[in-house]
Amino acid sequence: MKDNLQAAPASRSVLASLPLPHGKRTRLWRLLYGHGPRNGTLLVLPLDQGLEHGPTDFFPHPPAVDPAYQFALAEAGGFSAIALGIGLAEKYMAGHCGRVPLILKLNGKTNIPSDAEATSPLFASVEDAVRLGADAVGYTMYVGSPRQHDEFRQFEQVRRDCERYGMPLVLWSYPRGSAINARGGTNTLYAQDYAARVALELGADIVKLHEPNDSVANVPPPYDKLQEDAAARCARVVRSAGRTMVLFSGGEKNDDDEAVLRKVEFYMQSGASGVMFGRNMWLRPFDQAVALTRRVHDIMARYPR
Amino acid sequence: MKDNLQAAPASRSVLASLPLPHGKRTRLWRLLYGHGPRNGTLLVLPLDQGLEHGPTDFFPHPPAVDPAYQFALAEAGGFSAIALGIGLAEKYMAGHCGRVPLILKLNGKTNIPSDAEATSPLFASVEDAVRLGADAVGYTMYVGSPRQHDEFRQFEQVRRDCERYGMPLVLWSYPRGSAINARGGTNTLYAQDYAARVALELGADIVKLHEPNDSVANVPPPYDKLQEDAAARCARVVRSAGRTMVLFSGGEKNDDDEAVLRKVEFYMQSGASGVMFGRNMWLRPFDQAVALTRRVHDIMARYPR
Amino acid sequence: MKDNLQAAPASRSVLASLPLPHGKRTRLWRLLYGHGPRNGTLLVLPLDQGLEHGPTDFFPHPPAVDPAYQFALAEAGGFSAIALGIGLAEKYMAGHCGRVPLILKLNGKTNIPSDAEATSPLFASVEDAVRLGADAVGYTMYVGSPRQHDEFRQFEQVRRDCERYGMPLVLWSYPRGSAINARGGTNTLYAQDYAARVALELGADIVKLHEPNDSVANVPPPYDKLQEDAAARCARVVRSAGRTMVLFSGGEKNDDDEAVLRKVEFYMQSGASGVMFGRNMWLRPFDQAVALTRRVHDIMARYPR
Amino acid sequence: MKDNLQAAPASRSVLASLPLPHGKRTRLWRLLYGHGPRNGTLLVLPLDQGLEHGPTDFFPHPPAVDPAYQFALAEAGGFSAIALGIGLAEKYMAGHCGRVPLILKLNGKTNIPSDAEATSPLFASVEDAVRLGADAVGYTMYVGSPRQHDEFRQFEQVRRDCERYGMPLVLWSYPRGSAINARGGTNTLYAQDYAARVALELGADIVKLHEPNDSVANVPPPYDKLQEDAAARCARVVRSAGRTMVLFSGGEKNDDDEAVLRKVEFYMQSGASGVMFGRNMWLRPFDQAVALTRRVHDIMARYPR
Amino acid sequence: MKDNLQAAPASRSVLASLPLPHGKRTRLWRLLYGHGPRNGTLLVLPLDQGLEHGPTDFFPHPPAVDPAYQFALAEAGGFSAIALGIGLAEKYMAGHCGRVPLILKLNGKTNIPSDAEATSPLFASVEDAVRLGADAVGYTMYVGSPRQHDEFRQFEQVRRDCERYGMPLVLWSYPRGSAINARGGTNTLYAQDYAARVALELGADIVKLHEPNDSVANVPPPYDKLQEDAAARCARVVRSAGRTMVLFSGGEKNDDDEAVLRKVEFYMQSGASGVMFGRNMWLRPFDQAVALTRRVHDIMARYPR
């Protein structure tokens, strides 16, 4: 009988069954039931591309260079949270406090130096998140980087402070660096499946992943022989993440609204707890973005956790 | 007369003769006499393969990807302890508290980057172990790695906290890195014998080792001339570990139950204090794994320490 | 409507709308309205060239080697602040306390070793700034350096202390190192635009930038195709800096006073909050420098923020 | 007259003339007059070879692999102290407390990775030494290693704690690494003489050195032209160590008892404060080792300090 | 008028005009007026050559290997201070306390490893200096070394502690490493002039420099075109050091007394605050050294500061 065990959808089990400290339970409740779809799912608007990629990412829709744009969209679109760094939070959140939960991203980097030994340094702390009234912190880990020892140690510092303050921890679990490139790249099923498990074992509450692709070139066995369709691949990484809730990334902008919505439906069917859509939202004209968000809400409403 | 001194079996001498602080004595008693075989021996179920090797290790028996599987097996099989990291402990231990002792593994890494300069970063602390009610902490040291200075310094931090909290320290003493490869590899008698002594000199209470093989290619003298059988090799490393208790690793899965049981008998005869069997247990169907465990208990019952 | 959002001039919005802690508000007020043009703009006299470039920079006007020269000029010229390091502040500020605000530069380096992996170590602290009565601290970050992780972590230390003491933070945001050189160099629009955004995302109150040039050789897309004039380039980086106030650097000395004044006018038109002129001021004979400063004041008076 | 100054034998001057803190004076007294020869000289039994060289060193006399052997020998032979690490002290010292002073070795390493950039990491602390009732700590410094900056900084940490707790500091001052190899190797007069002076300048109370050899190949001037006999060479390094007491190492095992005893006589004549004999003692049958020790005592009795 | 500003001799301005904390003023007074020439100048006897160069430096005059020799000379010769490390201070200062001020050197290194990336690690602290009753600390910085970031950060630690305890800071400002070698070497006017300014900007109270030579090979402009005589070169670096007092190094031993005295006269004429003479003093027979010192006093008496 035990051999038939299936991983239950993560978010339900979290609030229902885990002995969470009060602070973490309170903050997770606000994210899962107090804002956004309010049914245990998560719709998050990230804004760290200006740091991670440079202002380049705003060129397709120039108003997006003003962070007030994303704050307005997060509120108008009923997002579960906006995820960004200390500079943007301190200078643009004033009019939105209490109306849009904040996921304070604690580390980051520019993409100017080589990613061969990628590492993402802290530039804010869990105490900043507490001070700003955030409901979670975000942390990027470059899984499999030759500098993963630095990444782990720095993560440990953050995890310990999250424990101290009852702060949920959202892990951007990103395979990165020369070694993962030699094993097929960052978005293969092998890489994303490993990244999901790392998030679980290291103690993340929520993990942001990318949809695994079907590339098997240079991928280690047994993944190189797996022939799973997109649905099975997504379900696999959700299962590997166990009781860590999975958010799939929206990735680069797709102009086809219907394709975006199919992605959302598809991710939710795989057992994910939600989606993190940045450029696919804030690179659209404001009213179109709000309208698209409403349709995303309609889909997510059908997948309570 | 002094020249005939023999190392006494370690576990007996530990509780009988060492001036252990109360906390360490209490926790060691729970591991040695309160759970598992309850006769001074140890049967430990490890679950760090998802982090160390990736979800790959679960492919032969898919239910094993759900950590609830291992927790259920640890309880049903009467293991002395389950050994895993902070993420798994926090999210899956709730129903098993008090029934299965926890060895909290404090460090780890993925196997994506090269092992040439292997190092295993901390991602949890001894204080986490205290908070979670663990009865020991686990620490992996890559003996002989070109970065062993980082490994030693980090270990010192853990050892000092173990001293402070009366927490037993289980050392995964693993020869690893380019230099040991140049001297014959990680599982030779030379390498395992050195690893055993390092564990003793650095102050581990329990050490996890691998059964030394009979390879002498590239091995330094006088090991390259030794012609000892498997029993003598195991007895040698147990002797080198002195009053640090030795657990031998079960290693990769072996489908032949009788072969597995012969290994257990053989390790116990060598003077070891027990075995740490992961994949050889949790990659079997649940009921078969429980049944096999019962037979392991029968063997260990004949080797009280 | 939201799509028409324009970044408001930064300095006005800062004191008017941001929930600044009292200490930071008080100090910013002194810089913006208590000294210098007193209309929300900033005219800063920097003196860190002796450390960054060596005494070489003083050769064109030998009296400038004596820091008393710059202190006298800062006071006579009505500068908003003088920006320099701890050694100069402690030994030369005595007669000017209260009359010229101090921006204490906390880090720096010589230009003797290679800039390929540029990093700028701290040699003073925010607490030193508090003790000396400074109204801001200055910090140099080498954006995109292969060592940016060290730069970010050190910056975080400074930012946190600024938060603790209510100390404004002026970021010298300088693209530097082998990777940015491979992408077209340090003063391209690409590099300066990225540097502006980094300052905003990391939480600087004020950023010092260089006027972006029109070079597109080796510059990444879409910048390589942009054909913007100097005015548009400056306005773009000011927009990317958002609510972080921009100071443009005066750069190397220009003997043509009228050209210098045209630059000032031009920078203010672009939306910048001010200028930081060192060599273009203190390499002139004293009376000429004071006279030129008066004309700069006249220009800045027409651009209240 | 001042030009005729001779360094007085170190140990006498230490207790007689130095303003030692009470704790350090008490512990040094126990080592110099409370145990061993009790005349200001030191006869120390080291046991760190299992860590530094591996169990290999015990092969010539297998009972020596059990640390109880060395503890028994240290007591039966009337050694001034036994020098070993935290793991051995905690697990084997119980029956010998108070009867054999402990020098707790705080750092060490395996010899598996290359020694080109040798460094010896801490794995215990001065506080451990205090807790265990040790009368001194031992610290190995690799003089002239390319990583000597790490070595110095770590040493400083230990020295400061020794100051705090009144703990004598015994320095294993070992020239090591690629740079010293390029200058003739680790045991030349040049290398040992420099190592002696480093111990003095850095503040060691006692220094362990090797007898300098007569090799001048690749040795820097003026050492390459010196033609001193063994006695003069030893006297020179003792003089360079000044008021830091010198212990000469017994080195590898010599089966010729008379040769060993001639070495002891010779070292004591050179002005050294004693000897540190490990393998030359504990690789002999127990009764022979005790008998040899008695003869060493007879020699040392003739060289009171 | 401001354009005619001249740097006033540093020592006079320091005590007369700087708002020094009481502790620093008291200690500087003892060095400048309580000992040595007692007229605001400084005559310092350094003894760190045993560590920095090895015992080699004592070979020309063997009694100098005993630090008691230098202590006796410092007292008999009426030096302003003796400058040495913690080991020498603790073991040899007892008979001289209060009679010869101590400058405790906090960092140092051997010259065995390559100087290409020179760095000088701390091996004592400002607190040690306070405990030993020192009147200043000495710190060596390798200006322009590829590791200057480590040097700066470590210096900052020392400077901060000096601030806390009112301890004067003497900087050995030494251009060193591969990059300065590529720019003409360590003793050029370019290198010494830069080193002087670094000392001022970083906050040293006193800087030790070498007399700049007239070599222009590989030296950067405009130094490569300067044609200044030795007097002008010295005056230039004194001017670049501003209110940081300059001590010129005596360098290697010169057997010609008159030449040594001409150097002293020459340095004092250049505006320096004094000289630091080690080997040129303690490599002479004691009485000759004392006699030479008296003549140095006679010269310095003519240059009160």
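Going by the order they are written in, the chains are A, B, C, D and E; count residues from 1 in each one.
Quick note on the criterion: a residue touches a chain if its C-beta (ideal position, glycine included) is under 8 Å from a C-beta of that chain, and two chains touch if they have at least 3 such contacts.
Since the structure is predicted, the reported quantities are computational estimates derived from the model, not experimental observations.
K.L.:
Using mean CA coordinates as chain centres, what's the subunit A-subunit E distance in Å?
P.N.:
57
K.L.:
Hey, how far is the Cα centre of subunit D from the one of subunit E, in Å?
P.N.:
35
K.L.:
Give me the residue numbers in subunit E that touch at least two other chains, ranges are fine.
P.N.:
Expected reply: 150.
K.L.:
Quick one: do these chains touch in a line, a ring, a star, all-to-all (complete), or other?
P.N.:
ring
K.L.:
If the ring is traversed from subunit D in the direction of subunit E, what sequence of chains comes out?
P.N.:
In ring order from subunit D, with subunit E immediately after, the list is D, E, C, A, B.
K.L.:
Once bound in the complex, which stretches of subunit A touch subunit C?
P.N.:
48, 50-51, 54-56, 59, 61, 63, 65-69, 72-73, 84-88, 90-92, 94, 107-110, 112-114, 119-125, 128, 150, 285-286
K.L.:
Touching subunit B in the complex: which residues of subunit A?
P.N.:
Where subunit A meets subunit B, its residues are 1-7, 17-19, 143-146, 148-153, 155-156, 159-160, 163, 175, 177, 179-180, 183, 190, 193-194, 196-204, 220-223, 239-240, 242-244.
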